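Note that chain A is present in both complexes that follow, paired respectively with chain B and with chain C.
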Partner chain A sequence: MNRGTWMKIRAQVLPSIFVLLILCAGSLLVYRALTDEGEGVKVMGAPIPERISSRFITKSVNQRDNVSVEFGERGYEEGSANLVTSVVVNYRAFDTLLEVIVLFASAAGVALLAAPRRRPRYRESSVIVRNVVPIVNMLVFMTGAVIILRGHLSPGGGFAGGAVIASGFILLSLAFRHTIRGRLLIVLESVMGLGILGVGLLGIYYDGYFLSNFLPTGRVGSFFSSGTVLILYLLIGVKVLSEIAGISLSFLRGEEEKA
Partner chain B sequence: MIYLILVLSLLMVAGSIAVLFQRTLRAAALITGVVSLLAAVFFVFMRAYDVAITEASIGAVLSTAVYFFALKRIEVHEQGNVDED
Partner chain C sequence: MSVHGLFLYNAAALIVIGIFGILTRKNIIKILLAINILQTGVNLLLVAVGWRPEGIAPIITEQTSGMVQFVDPLPQAMVLTAIVIAFGTTALGLIIAINYFKTHGSLETPSFLYGHMKSDEDEVVQ
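Right, the complex of A and B next:
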């Protein structure tokens, strides 16, 4: 075998073998999850009250009783009125933590590639933009804050509200010269990430497993009703907003640098 | 109701095909944003309000804005190269 064929094998055959192996392992995992006859709640093939999704709906994964959840009642395993939130931030909180980490990795990549090297030259925006943007932004920021803070009661949550507030920051930076420092965004993001990890570690301390909901769950439908979900969604919202605003601002500043 | 969903999905398919035939990348990015907005309306009709909010804010606003910023940077970069030659 000469050198050329070996290079060709290394470039084309080995990656496809690797991809095939990963696909085989993934399909094996899916097959095991669908057909496993072990202990616990089944994913498929079980009658509907036995399935894990109905456990999420009745908020009784540990308690093994199928009751309907009503507003104003206490004592459920998870107290948020929004079902999607109770899955995303409580039962599947580890998944959400890794999603935030994925977003952090993409923000770090963009900041690395699009970092401004020279001092940006500034072009003033038009009068209409400068006068309309503050009025619109009041609405945008308030809507984003409501979406974040009421994530456990009504549709929405940290990701969506953070994205709304970040689009408000994009509008601001299109209109004015000095909006927010990139360094402040980095500090906010790091502090919020450490806060999420801290809440998870407190869960280990109080309940024995990571990101467990250790606070009292309260009355379904009231503001302080879901234990750590409110805190976690606040932290996730500020983290997502600083990451997305950082991505867009690094693109924008890189543009102004050469224009 | 079903006709509304049918019209919406046909509009989304038509928009996605129209992206392929645009002359400028900027128009293609704009139509991608419009398709995302239609998808958000679609999610509202499917009673998935959480997904609709996220799709409207990220798909329709933020990704379009990032496309525009990136296209602006590419244009500036290409013009700079032309000037140097």
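Right, the complex of A and C next:
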């Protein structure tokens, strides 16, 4: 065994073995934590009434025992039928606001670091692509809009629907030359972010809490049933749409304006 | 092994694969893939922790209103958050990888312990 082979083994195999040993030890610790039989509430298999989400399921943060939310009833603290949505946009709306800010920071970083580069030579798409893309995009936009608007009734919401519509914009910009301008996306995103903050401040004005659900919550299961959740998810959807489309356009063509 | 255990062991396997990839790979793209595998494992673990026997999707409809056993909606909401953050970090990491390739001409990170060793099997990125 010559020296080069030994160096190679030392550089590639030994770190792998070391990392595997560390991971085995870590896995043992986590397994022990998950299957511990000691006192207190267990990580696995804690009943729902002992978890915090029982408050979210009964749609009341104040202690109300054995309250079950019926389809079509009214008068709850929050009226959206999809419980995940009511957690994301109502009970933990502040978390979602900061998450959207993180997404904005990521989009800004990508736009900053996307180096100016020469525009690649333009080749016109084929007839099939030019004719099929508008038809497909119509379906994509309609699906995305439905996912955003029915986020409080069925699985989906602003994040998923925004990603769907952004994929439509990516398809457009791959097929055609001039589709959407980066500045327009930035303006759209800023307005939507200010809109989310404005809804939160209106919550302070009406109820005294930031991002409070101040609109009436209608019957569970109807379209206008969740107060501010519908407005907030619409704003979040358009904001996520413009951010994802902006990131994708940065990757596609660099910063054309600066070059 | 129950379905629940299957999900938990899958999540553990994905997390271990992800950490192993982050610590041992040298290609930046492979490190980013490993980070994404790790995030998928964490998401799967969160959803599996929120599962309960005979639970159904936490959406109130005409059939499932009343005292129906819902699964825990809180981990699902957290996974929704985590997916969006994962998208943001991956996009930022990819643009940094592009800039690294432009300045260094390679996607391999040098090993500070043993130096960058060239051999015939090393992938030459053009």
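Going forward, the second predicted complex is superposed on the first by the 194 of 259 C-alpha atoms of A that agree within 3 Å, B and C clash if a C-alpha of one lies under 4 Å from a C-alpha of the other, contacts with A are read in each partner's own complex, and residues count from 1 in each chain.
One rule holds in what follows: a contact is a pair of C-beta atoms (placed from the backbone, for glycine too) under 8 Å apart; a residue touches a chain by one contact, two chains touch by 3 or more.
The structure displayed is predicted, hence computed values, not measured ones.
Peer 1: Could you look at A:K8 and tell me whether it touches chain B, chain C, both or neither (first, second, both, neither)?
Peer 2: The second partner, chain C, only.
Peer 1: Based on the superposed arrangement, let me know which partner A:I247 touches: chain B (first), chain C (second), both, or neither?
Peer 2: both
Peer 1: In the overlay, work out which of chain B or chain C sits against more residues of chain A.
Peer 2: C
Peer 1: A:V220 contacts which: chain B (first), chain C (second), both, neither?
Peer 2: After superposition on chain A, A:V220 lies in contact with chain C alone.
Peer 1: Give one of first, second, both or neither to describe whether A:L103 is in contact with chain B, with chain C, with both, or with none.
Peer 2: A:L103 sits against chain C, while chain B stays out of touch.
Peer 1: Does the superposition put A:V84 against chain B (first), chain C (second), both, or neither?
Peer 2: After superposing on A, A:V84 lies in contact with both chain B and chain C.
Peer 1: Of the two partner chains, chain B (first) and chain C (second), which one does A:F159 touch, if any: first, second, both, or neither?
Peer 2: both
Peer 1: Could you tell me if A:S167 is touching chain B, chain C, both of them or neither one (first, second, both, neither)?
Peer 2: first
Peer 1: Once the complexes are superposed, what residues of chain A are shared between the chain B interface and the chain C interface?
Peer 2: 82, 84, 114, 155, 157, 159, 244, 247, 251
Peer 1: Can you check the complex and tell me which residues of chain A touch chain B?
Peer 2: 82, 84, 114, 147, 155-157, 159-160, 163-164, 166-167, 170, 244, 247-248, 251-252, 254-255, 258-259
Peer 1: Across the complex, what residues on chain A touch chain C?
Peer 2: 4, 7-8, 10-11, 15-16, 19-20, 23, 26-27, 30-31, 34, 43-45, 47-48, 51-53, 56-57, 68-72, 81-84, 86-88, 92, 95-96, 99, 102-103, 105-107, 109-110, 113-115, 153-155, 157, 159, 220-221, 240, 244, 247, 250-251
Peer 1: Which part of chain B faces chain A closely enough to touch in the complex?
Peer 2: Residues of chain B touching chain A: 49-50, 52-54, 57-58, 61-62, 65-66, 69-70, 72-73, 76-77, 80.
Peer 1: Which bits of chain C are touching chain A when the two form their complex?
Peer 2: 8, 12, 16, 19-20, 23-24, 49-50, 52, 57-62, 64-67, 69-70, 72-74, 76-77, 80-81, 83-85, 87-89, 91-92, 94-96, 98-99, 102, 111, 113-114, 117, 119
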